[in-house]
Amino acid sequence: MSALLEVRELSVEYPSARGVVKAVDRISFTIGRGEIFGLAGESGCGKSTTAFGICRLLRPPARLAGGSVRLDGVELTALPEDEFDKLRWAKLSIVLQSAMNNLNPVMTIRKQLTDAILAHEPDAASAADARAAELMKLVDLPADRLNSYPHELSGGMRQRVVIAMAMALKPSLVIMDEPTTALDVVVQHGIIRKMMELQRRFGFSILFITHDLPLMLQMCDRIGIMYAGKLVETAPASRILKEPKHPYTQGLLDSFPALSGEKRRLTGIPGHPPDLIRPPAGCRFQPRCRRAMPPCLSVEPALLPDRDGLGKVACHLYGEEEGAREQASAASE
Amino acid sequence: MSKPLLQANELNKTFGSRGLFRKTSFQAVRDVSFTLEQGEVLAIVGESGSGKSTIARMLTHLLPPTAGNVSYNGESLRDNKALRRSLPTFVQMIFQDPFAALNPHHTIGYIVGRPLQVQKRRKGDPRPRVLELLTKVGLTPAEDFIDKYPYQLSGGQKQRVVIAKVLGLSPSVIVADEPTSMLDVSIGVDIMNLLLDLRERERLSLILITHNLGSARYMADRILVMYAGQIVESGPSEELIREPRHPYTRLLLQSSPDPWREEADAMEAIEPTGPPPQTGCSFRLRCPFASDRCAAESPALKEPETGRFVRCHLFE
Amino acid sequence: MTILRRAAGAIRTAFPGAKGMIGLAILLAFTAIALLGSLLAPYPKNYIEFEPWLAPSMHHWLGTDSYGQDVLSQMIYGTRTSFWVGVIAGLITTVIGVAVGIISGFKGGWVEEALMRVVDLLLIIPTLALMIILASFLPSMGVTSTILIIGCLSWLYMARSIRSQTMAERQSGYVEAARMVGMKDTEIMFREILPNIVPVILANLVLVTTQAVLAEAGLSFLGLGDPTNVSWGTILALANANNAVLFHAWWWILPPGLAIALFCFGFILIGNGILEKYRANRGNAAL
Amino acid sequence: MRYNSVYLLNRIGFSLVTLFVAATLNFLLPRLMGGDPASALASDKALGSQQVADALKAQFGLDNPSLLYQYGQYLKQLLHGNLGISYANYPSPVIDVIGKALPWTLGTVLTATLLSYLVGWLIGIRGAWKSGSFFDQSTLFSAFFLNSVPFFWIAIIFIMIFSFYLGWFPLGQAVDPTYGAMSAMEKVRSVLYHAILPVFTLIIASLAGHILVLRNNLMRVLSEDYMLLAKAKGLKASRRKYAYGARNALLPSFTGLMTSLGHVIGGAITTEIVFSYPGVGLVTFNAILNHDYPLIQGAFLCIAVSVIVCNLIADLLYPLIDPRVALG
Amino acid sequence: SSSKPEASAGGSPSGGQGAASSAGASGSGSSGSGSPVVYHLGETINPEQVTNFNPFLATGNWSNLFDYVFDQLYYFNPVKGELVSRLAAGEGAWSDDKKTYTVKLNMKAKWHDGQPFTAADVVYSYEALKTNAALDRYQLWGDKRLKSVTAQGDDTVVFALNDRFPSLPFYLTTVYIVPKHQFEKENPAEFLNKTPIGTGPFQFDSVNESAIVLKKNPDYFLGAPQIDQLLIDRFNNSSTLTLAIEKGDVQGSTGTVAMPSVPKLLENPANKLQVYPGLSTYAVIMNNEKPGLNDPAVRKAIQLGLDRQSLIEKGESGGVFPASPGFLSSVFGDSTDAKLLDDPAYAYDANKAMQTLEAAGYKKNGKGIYAKDGKTLSFTYHMAANAPAQNKEGAMITAWLKAIGIETTVKLVTWPELTKLLMSGDYELLQNGLTTPPDPQAALEVFHSKMTAPTGTNTPGLNYMRFRDKDVDAWLDEAASADDQTRQELYKKVQDRIAEQAPIAMMYNVGGHVPYRVDQFQGYDENLPVTSALSLLKVSKK
């Protein structure tokens, strides 16, 4: 079965007064049908930019600097604007971070739901209302809320509305950029559960972006870890949880205080992410890496499949002579 | 027994907003009492809007309580004007947003040094003390940082500057209101570790306000759970997390993602549909165990076993 | 060379963007004219011995008026009055506006209520009308009183803008942090907050300066300006009173109006440049 | 109906309070200026002696020196809709004088404000939508320039070109001299024809502010997430521009309408003078020159009332446009 | 020879009748044409000048209107300086003791509402001034003036005086006769008279925002006007009014046009300007009681230091007349001391001004300003606000005074304030016009000490200068009841003394400058102000 989304060598740049910010630098990954793919990483590493690059929502001055994005075999980067407009929402919908700002404050929920439907199916006018009510039911909201304005709903309800909206045309891929960050954990939990349920029911794929690695580990099938505009590791969630390979992934995982098990001192990752205008030579993580080696200073590691083929990692520790490296790393710990 | 370092007594805060024809009031904090001992770390957790920051601001007298009282070493803040004036040297606060907490127009040296002058701790040049403080929070070499401006620092470094500034006044208590929520997790861990170290070294007491039960467990000796302006449960952190009593605490714990935990049986919680009720138990509309009694009678904070307090009719 | 380049860089940061540079150029030109007026003007001030109503020519680039004065010379002398009225009234306005704005924005409570209600009320009555009243009731009317009147009445918008900016700043952590370490209110207002709203103040200063120039022109046009002083407003007032329109004497009507507009245009360009940069730095904060 | 009674009461109550304070301010203003209006009037050679002055003082309620008493009288009269008797129009009551002038000013100022708001809106939106385009840059520049052009100068230039040189429009005045004998249709035509230049002057001079405000607002709205989402939904550009962008950009500027009204009324003073237009601006200015205190008071009160009422209308319309207000 | 004013008053009835006959002749001619003949008169009329049409009131109306709607007993023709009969049937008769004056009325007159006009109306009009002192602006009922006004039958009115008052006929021009049957129901001091009824050549029709509309009175006793409608177009500034004349929107004006416009107006052959000297003198009024200004040498220096020729040529584009240093306008013909006007002793001469000061003991101080005994010649200089062109002249004067070592500080004040300052004397120098009644005695009595009061108290008359001269007082008192010959001589003496003492620094004399167009209408009587009621009677469409 071929992948639903295929991102290859995607690069996005922000020209700025000081120079060009390479926010996303030649990243490649795929998302299978019905798969939940997570993208994690520190703030500013380019997660949102990647998402916007995929669905061509980059705000000026951002520009696509290369690469290809294929959805269902259709090359998106070269599609004319009106063609792309037809594809939007019908195949590819998106949910953004802050619930408040996702909805137009001066329009009723009904209008905003039907808006999306009518933009693609202009003849559905009579059926649109019924479909809106149905969508509300999907996310456990009473249909009379259709007549409300966004400010009349709580943050969690608003985010449910946005999720319902994203389902409106049964897309094959839903991008979710930190859909629950602004919400309370209890509410977040409810929404995530709902989302998983819908995903199981309709079988769409999700590109899920968050800071919250524990959450992601709970719900995603596969996870990509980004650092400073680069993808440094992709692997199934269970694998990341049990056996993180990249030192950055390890550090990240070691930054979340757990609720169960032995209480132990966390180490985190010292230092801070690099300036993306002048990234360090070699491996970008090397200045913060406890296991950095001489080649890390000069040679940029490529994202290569690891031995068992389940994941990919971009680190000199796992080159051809992986065994030796692992020994070295063991010694340093 | 000696007086506790800090004691909050039946704190209440009501916010009123006045229109010409309507006066609305909103009780953000209701009858909150707790104590803090020397060297202790107390975490306050609870959902957004439950009144955590309001408590912090009352403790530091940025906001006078509507009723109730805060006392330090047995001295009441309300009645003691001298104490209020020298309060900055007793208690200090670390704010959520390190990006906003530093005035972009002053150098790090000024930001850390100026409070020393204001509180007349040091006459003359505060520079040596500033260098010392910067070193203490791990901004080394301190000479490199002292003349920088905030925009030249990363978020984690900024939060360190805030801590250095606060330490300069040698307070006995630091109230940290979500000190890491604006920072990346990897950097937040650093800050939490720094605070823990400082507690050891400086015999500081710490009140940590957080959303995150994990952080509360990591940092605190005791946890205090708030819901709708009230304390619903409190107790030693390990115990409270291992064995939560109040339905809200249980819900909170169960909702917090933790991939290392084996999946426990899920509690069927109800999503909030409106503001918490003013009468009876404020959690009852979301509580799967709610009974008629919960609507009729508001539960009191009981101590079913020593050190564990719960506000729920189920535990009486 | 490097010094020049560095100076250019400094100017570019202070007056961002192409618009800012154009504004700066305009402003510098007017400043030069205001300061060097008597050297640049071809004929002495109020020299009335030419033929009246001469159209522009080599001798009189902007022709002559009904009194036989060289319009260009009068315009150049007028620049000085308008310039100083603008700048000084602008400064007075700024001082009042900043004080009222910061105090009400920072103190909040009844202080703010009281100050802002006063501002609201004064805003209801058109400023020009208030100025006319003041101007006609003051014991005398000279450039000084014009400046005072304008300065004392134009701070309303500025106070509002500074207040809302101060309120935004008050929300930011550093103010609360300053309070937390026991700083006095005055120190917080003027050493902590003030430097942070300098761009807003500058932008407002620029706007009130243009308002002052316009107000002076308006007062002069209504015959409430200082008649012994040449300003763009008095030139226009005389052109209107002596019916330059009848003579198709566009050379007497156009220059003062254009000068006013151009002068203010320069100021506004600079102000907007500063504001745009400020907004960009603050993530497009509402102003 | 989106109103809630508290909102309504609050807005109306606030307007009444403002009105009351404005009335008080009006009472104080001329008195704070010093001078004795009745003597000033009596000393005008036309109205001779001390007896006359005394009689006038009694008539104007100035015979009792207590300011408080005068204030009481003033409020009492005001409640009865009595604004006193104009000095310069003696013995005509102020209310008549203003009543005649007000429709002209309101007509021109309101028309001009609404039109310039509308035009400014369209231009501002178009500019912000394609920000940086030639259209945007050129309108921005023109707006900056127009923002600083004096009202009266535009008026003079208009008269010079359109009335005197080209002869397309009358030299001023509000109606044809033969207005009295005209049919209703002709009257309307006459009024409109004479209002064109003054209204245009006001539009041109107040347009720039609207362009700038709306452009800024829309720029801000365009960076909102819901705009991005609207694009992601595949909505048509025109729908995004108007239903999503412009609608939201409009809201913050709506309350600013009031202050712009004050500004335009201020500009109307000089405009009416140049165009011999018989409006409140002209009346106010003449009243000031004549030291006609009751008329000044009346005119200011009437300006204040107009602004407050317009503001109230804006406030009452606001919930209809912005659903967030009624509950807020 | 007999005294000029009375002689002309005697000559006027024939002139009036002449007007009537010619009007009657052409009136029949105009009735033939189809569409009504409309004459547009353009005037500077502010909104506050149309709130009433009561000729007794000084405020709220535009006084020139009454010339068209009402009649006085006599009309003062400023072009000739003569009286013209209106409601009076010819010159009145003095009794031998000169204490009663009997006027026969023109019984052809009729009120616009058809009611007959009688002597009772005249008596009522004068009695109204008596009972409402505030309306008696020229103080006809003042001491030594009117004792009573009575009717003798329907057609004769007798004015009885307390004392001899030879100027009475001139004063009779100031009172418009109103219909008793309408006014007696009202309080004349507050009557708004929204639809005035007069006897005049034009009937009031209506008023709107842009015009006062009058229509012809076909039964006018001096002959019906040829024009059917007289529209008085309202402008609020003279600039626009001038443009309207140039464009032909209006045919003429009674008012002032901006003087600098005159040369341009006259380039167009359709436009004409009638110019005649008038009763207003523009001057820098000096308070003779203020330190420094109480010294005649200083006042004289100021008078000498004003370049009056420049003011007239540059400021007023030659549209005004030189003012006599002896004050009396040349409108008063033989009473005026004509030689004073060109007397080189009073001509502009900056050097002589400074010599005068130095001769009086003034020395220049460090700043180049003259001073003596600690008093520096530094004065405040008030002028009216909202008059840019006048202020410009003031600025010119300021500069000239500076050149002769006198410093001034300019203050702009509103018109009522200016009047108040004049009356109370709280000023030093003040630029304003002085308008006198149409009578040489009254004009010169401006300088009588009975017309003044000490600084701080309001003056009863126009002697704002606080000028006091025993000789002048004596001469004027004597002239009040002297025969014509003696009066003329006394007047000359007074004028010489005024010129010598310089209580006031003349700028120029503002008379009439009446613009009118001759491209569509003809028949203007240039012996009268061409746009006055009596002249318009004869005007007809070309």
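We just call them A, B, C, D and E in the order they show up, numbering each chain from 1.
Keep this in mind: a contact is a pair of C-beta atoms (placed from the backbone, for glycine too) under 8 Å apart; a residue touches a chain by one contact, two chains touch by 3 or more.
Protein identities per chain, from UniProt: A, B = ABC transporter ATP-binding protein; C, D = ABC transporter permease.
If you're wondering where the values come from, they're calculated on a predicted model, not measured in any experiment.
Shared contact partners of chain B and chain D, listed by label: A, C.
The chain pair D-E and the chain pair A-B differ in C-beta contact count, and the higher one is D-E.
Taking each chain's centre as the mean of its CA atoms, E is the chain most distant from chain A. Separating the CA-averaged centres of chain A and chain E is a span of 92 Å. Between chain C and chain D, the centres computed from C-alpha atoms are 23 Å apart. For the pair chain A and chain D, the distance between mean C-alpha positions equals 54 Å. One inter-chain figure worth recording: chain B and chain E are separated by 88 Å, centre to centre, where each centre is the mean of the chain's CA atoms. For chain C, residues touching at least two other chains, in rising order: 136, 222, 240, 245-246. For chain E, the set of residues that touch two or more other chains comprises 243, 246, 385-386, 414, 417. Residues of chain D in contact with at least two other chains: 35, 159, 164, 223, 273-274, 288-289. Against chain D, the residues of chain A that register as touching in their complex are 55, 57, 59, 85-90, 93-94, 96-98, 101-108, 115-116, 119-120, 149, 151-152, 162, 165. Within the complex, the chain E residues that touch chain D are 38, 40, 46-48, 51-52, 57-60, 133-134, 136-137, 139, 189-190, 192, 205-211, 213, 231, 233-237, 240, 243-244, 246-247, 249, 385-386, 414-417, 419-420, 423-424, 458, 462. Residues 42-43, 154, 156, 184-190, 211-215, 217-218, 241, 251-252, 254-261, 263, 265-270, 272 of chain A are the ones touching chain B in the complex.
Those residues of chain D that touch chain C in the complex are listed here as 18, 21-22, 25, 29-30, 33-35, 141, 144-154, 156-157, 159-160, 164-165, 219-220, 223, 259, 262-263, 265-267, 269-270, 273-274, 284-285, 288-289, 296, 300, 303-304, 307-308.
Contact residues of chain B toward chain A in the complex are 47-48, 154-157, 184-190, 192-193, 211-215, 217-218, 238, 241, 251-261, 269, 271-273.
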